[in-house]
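Structures incoming, each one as structure tokens.
Next come two complexes, and both contain chain A; in the first it sits with chain B, in the second with chain C.
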Partner chain A sequence: MFFRMIKGALFRQKSKMIMIAVTIALGASLATAMLNIMLDVGDKVNQELKAYGANITVVPKENSVLTDLYALDGQEETAAAHLKEDDIGKIKTIFWGFNILDFTPFVNTTVVLDDETEVKLTGTWFNHHLALNTGEELDAGIHSLRSWWDVKNGQWLDEQKEGTANGGAMVGTVLAERLGISSGDSLHVKTSDGEKTLSVVGVFDSGGDEDEQIFTTLATAQELSGTKGLIDSIEVSALTTPDNELAKKAATKGPGSLSPADYETWYCTAYVSSICYQIQEAIPDSVASPVRQVAESEGNILDKTQLLMILITILSLFGSALGISNLVTASVMERSNEIGLLKAIGARDYRISGIVLTEIIITAVVGGVAGYFMGYGFAQIIGQTVFNSSIEMKPMVIPIVAVLIVIVTLAGSIPAIRMLLRLRPAEVLHGR
Partner chain B sequence: MSLLEIKNVSKIYGPLKALDNVNLTVENGEWLAIMGPSGSGKSTMMNIIGCMDKPSLGEVILDGVDIAKESGKKLTEIRRDKIGLIFQQFHLVNYLTAVENVMVSQYYHSMPDEKEALEALERVGLKDRAKHLPSQLSGGEQQRVCIARALINHPEIILADEPTGNLDEANENIVIDIFKQLHRQGTTLIVVTHDPEVAEVAQRTVVLEHGRLVNEIKNEGFEE
Partner chain C sequence: MKKQTMFLRMITASLLRRRSRMLVALLAIAVGATILSGLVTIYYDVPRQMGEQFRSYGANMIFTSSNGKKLSKSEIDSAKKKINNSQLVGAAPYRYENMTVYERPLMAASTDFDEAQKTSPYWRVDGEWPSAEGQALVGQEIAATLEVKAGDTVTLVYDLDEAPATADEANKGERNQNSRDFTVAGILDTGGNEEKYIFISVPDMEALTGKTDVFDMTELSVSANRDELEKYADTITKNVDGVSARLVKRVTQSENTVLSKLQALVLLVTVIVLLLTMICVATTMMAVVTERRKEVGLRKALGASNKSIIFEFMGEGLLLGAIGGLLGSVCGFIFAQAVSMNVFNSSIQFHWVLIPITIIVSVLVTGLSCLLPVRSATDVDPALVLKGE
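Presenting the complex of A and B:
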């Protein structure tokens, strides 16, 4: 009988129930969209910010400022002026290796052109293919680390293409203009260690100092500077967790100052300081330090965006709770005769509330499921317009949204249920 | 012992005495009509007898229990077990079919039993309309569903507040016939009415005016 009553109530008063379901669906869709974006936005914002460069640089110990400070403690420094090319891949093997998005080595040297002017030449990876001994494979290099470079003519140097790997180069616009060269031309350079004719595959505009430089492959630069197998520095782009007190303490006083438990927490959190520390552990005689501004603003922007999302979610849920409350109250009011009658024929309050709540919850489930899929759509639309990419739907959003809907629906039903409990059959049944 | 004893009952709404020191006794199996002008307190009295309202003063002893002193929960139980209600506006649940409306009463009483509910509809001549929604039934038919619902749990007392108020002559007669039948089976009936024809068929008529019982007429020509 209970189900016949529920069925009757749901199917024979469809329009009312559909209104309630739509309200719930709207709330649910906003919550779904916002939560998914919120959970995904961390990655998205980081990817956006990654476009503005690396957030960690790794240099040999001897070249670092820190070394100068520590040199006072009297330890014998066996520092190298270079890092080893073979060690680069180790960056990916650290505890937070998964958070390392990209990295590239640099070899800097100065070359002399045919007109006897000196120009900075940098050897690096463009889209270097790495097969790590962990089995992982990836492409690393400045193609993605300098994604804002505007290639004026020609194209990005493709290391994986036969021919360009050795002797290919990209030239900054300022230099290219001065020399009157463009892609397809060749450029003769020499150093004390040798000379080489580079073929220009692209001219780029970086909007900075790099516009006066030549970028070529690591091997070419090593050959020209006579530093085979060695590199000067590494730029790393890593996903990091915003710093907190613990991270600040570790960064200023050193990880050794932490208690074992704190150390554990710090080490196992993707703070920029713990990632730097782990890189130093992985690469011998290296000093990794954060490029401060970028790391901090990443955390800030993330915090703010997420706060905004949470506020929108709360507001939208609050809005739908109000909407539900209005609709359910109106529906109970409309049915006050029926409710009075059920009371008059001997139905206890809890049984009537049970029926009304069951109806609402079934409606909420229908609305919630519909809302989830609508929210999926919203999330994708927002993802496309704001981040130019799709939003990955996190399964953990489903239980969260379900719980939120139940809470919101029940909260929205409180006034109606209170009215239902207060309703006295004598007042509605004798048609005054 | 009488089935119902109303002793010195008053119902006071601010300055208004909807019932003013009413005394009335109803025997088991009796058929009583209550008449009176609009606003005289008839519905107020029915609500009190029907355990949906409490008197401001006085005692209402139904089947040995003073319902003026009982809690809301106990009153719900008494309504469920002892009282059958018939209303002028029928008050059927509009999204349930005729037979389901009868079954609702069974459901809150004990166990819904479709067969028994159909039998009750048969008694009021509505077996073939059992699957219709209230909106698909005429007023007279709706009132008969309402009567079937009131009867289904075999109440000791049936309270009908203007049961024929919204019905035409033909349907009024059908309802009166059902009441006669119920009376023969020993059901106690209290019927509020404006209609002298409906009052005439009862055993006894009491008249309320301004909340007081002003007259009591025994129906000499009452036919068992």
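Presenting the complex of A and C:
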């Protein structure tokens, strides 16, 4: 009998129930979409912020400023410390290796051009293909670490293309203008260790000091500077968690000052300081330090964006909750006649509440499931339009949305049912 | 006149008599309107507020000399005037000179420390920022080489011979070195090139070198988007003699990329939330009105014309819409303000135009959602409606 009544109510009042289901679906889709976006926005914005380039630099331990400063004074470069080229891949093997998005080594040297002027030449990876011991393969290099470079003429150097790997070069726009060269031309350079003719693949505009430099492949620069298998520094771009008190303490006082429990938390969180620490562990005789300009600002902007999205999500959750409970209240109250009739023929209060609530819950479940998938669609639309990548659907959103909808529908219907039950059947049936 | 009074009385009476149900409808409209005005306010304010956050990446414009000489204060000031004062976050002039400490060559830079804190908020100082003359900020790498820490004293020596001497200095003749003691106020950690310099105040530098009013470059942090920045750089380079303004491409380009993404995100979220909320409001209103089919039937049976019934229901709906919209635009502003204070620690700009827009939108939505069920009720034979089917 109970089931027949519910079935009857659901099918006889089809249009009304559909309307309730639609509203619940809308509310649920809003909640689903916003929760998923909120949970994923940190990662997405973090990826976007990688446009600012590397946030960690790795230099050899003994490499003091002095080489730079002596060079600045026009003196001979002292025997500087180097990192080993073979060690670079170890960056990917650290605990947070998965968070290392890109990295590139640098070899800096000064070359003499045909007109006897000195120019800085930097050897690096452009899109170097790397096969790690772990079996992982990846392309690393400055292409993504210098996203603001504007290649004015020619193209990015492609290391994987035959012929460009050795002797290909990209020239800064200021230097190119001074020398009157463009892509396709060749450039003769010499150092105390050798000489070489570079073929210019592209001319770039970086809007900074790099405009006066030559960038070439690592092997070419090592050959010219006589440092085979050695590199001067590494730039690393890593996804990091914004610093908190713990990270600040570790950064200022050193990880040794932390208690064992704190140390473990710190080590197993992707703070920029713990990633630096792990890189130092992985690469012998190295010092990894965060580039404050990038690392600090990243954390700041991530925090703000996340907080903003959380607040907008709360508002929309609140809005959809009120929308659903409003409609449920309205639709229950509308049924005063029916409830009066049931009471008049002797139904108990709890039976009546049971029938009405079951109907509403069934409708809510149907609406909620439909809403979840609609929300999935909305989240993907936003993800594809804004970030060109799909939003990851977190499983934890499903229980949150389910609980939210149940609570909201119950909260919307129970007070209304109680109010109707309090009315006297005669009055209700009489039409008040 | 009489008809209008009756109309008003019927509307207000029906709102007041059916208090609880009307409250439900009003609440729905007000929540919808709150979301509308709140989100739109946030959407308009986000680029400005976020843009300010992006200033923590540091300078996005630099002034250098365009004629190969050094910059002077008057040149910098006249260039600065071209930039809207409210957009200028900071402008720090820098001057670099080769100096020695214990015979070790190093670079000393002079700057205005108050401005440097504004243009480079990411500088982390272990110790204090220099606040008086005779204090220096030492880059971490230099500090490690010299083995100094905050509170120590370093002696900077400037070789006057290497610099082209002015007539005044030439007259002094016998002394070719200037030296000065500095207290290390703090150690600077930036992870960048700044760690290789010793920073001192402008008067100290002028006293050491004997040359006043010379600067190598000025770093500016301007809270503006890329197009505006390009326009500023252009006008300054063209109109101010001796100054060439350039954008720091790394900062401006990246900011443009990230900020436009963020803005698109907030826009899409706003649109979707608004759309869904408006549909929610509409369904609630429809439910509230559908419930009154009987009333419509009764009136029709009493001889009311369809037109007057629709008119009256619409009147009710519009009144509700207006009240809800007004409530919502106030609540929405309060919400936006709370968000802004929490997220950005600054108050939001109030857009007066949003009040009428919110009211109009909520009136339209309520009006439309009333119209549909009322029309379907008036189309039906009153006898059928009254009978309950």
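General observations
In this section, the second predicted complex is superposed on the first by the 403 of 432 C-alpha atoms of A that agree within 3 Å, B and C clash if a C-alpha of one lies under 4 Å from a C-alpha of the other, contacts with A are read in each partner's own complex, and residues count from 1 in each chain.
In the analysis below, a residue touches a chain if its C-beta (ideal position, glycine included) is under 8 Å from a C-beta of that chain, and two chains touch if they have at least 3 such contacts.
On a predicted model such as this, the values are computed, not experimentally measured, just so you know.
More residues of chain A lie in touch with C than with the remaining chain of the pair chain B and chain C. When the shared chain is aligned, no partner comes close enough to touch A:R422: not chain B, not chain C.
Once chain A of one complex is fitted onto chain A of the other, the partner contacts of A:F378 are limited to chain C, with no touch recorded for chain B.
In the superposition on chain A, A:R4 contacts chain B only, with no contact to chain C. Contacts of A:A347 after superposition: chain B is touched, whereas chain C is not reached. By the touch criterion defined above, A:E338 lies against chain B but remains apart from chain C after alignment on the C-alpha atoms of chain A. Within the superposed three-chain model, A:Q13 lies in touch with chain B and out of touch with chain C [touch as defined at top]. Where the contact sets of chain A with chain B and with chain C meet, they give residues 337, 431.
Residues of chain C touching chain A in their complex: 20-21, 24-25, 27-28, 31-32, 34-35, 38-39, 42, 46, 50, 53-54, 56-58, 98, 104-107, 120-124, 126, 139, 141-142, 144-145, 189-192, 195-196, 246-254, 257-258, 261-262, 264-266, 268-269, 272-273, 276-277, 279-281, 283-284, 286-288, 290-291, 294, 335, 338-339, 342-344, 388. On the chain B side of its complex with chain A, the touching residues are 43, 46-47, 50, 52-53, 73, 76-77, 79-81, 85, 87-89, 91, 93-97, 100, 103-109, 112, 133, 149, 161. Those residues of chain A that touch chain B in the complex are listed here as 1-2, 4-5, 8-9, 11-13, 337-338, 340-348, 351, 424-426, 429-432. Taken in their complex, chain A has these residues touching chain C: 16, 19-20, 22-23, 26-27, 29-30, 33-34, 37, 41, 45, 48-49, 51-53, 57, 64-66, 68-70, 72-73, 147-148, 150, 205-208, 252, 289-297, 300-301, 304-305, 307-309, 311-312, 315-316, 318-320, 322-324, 326-327, 329-331, 333-334, 337, 378, 381-382, 385-387, 419, 431.
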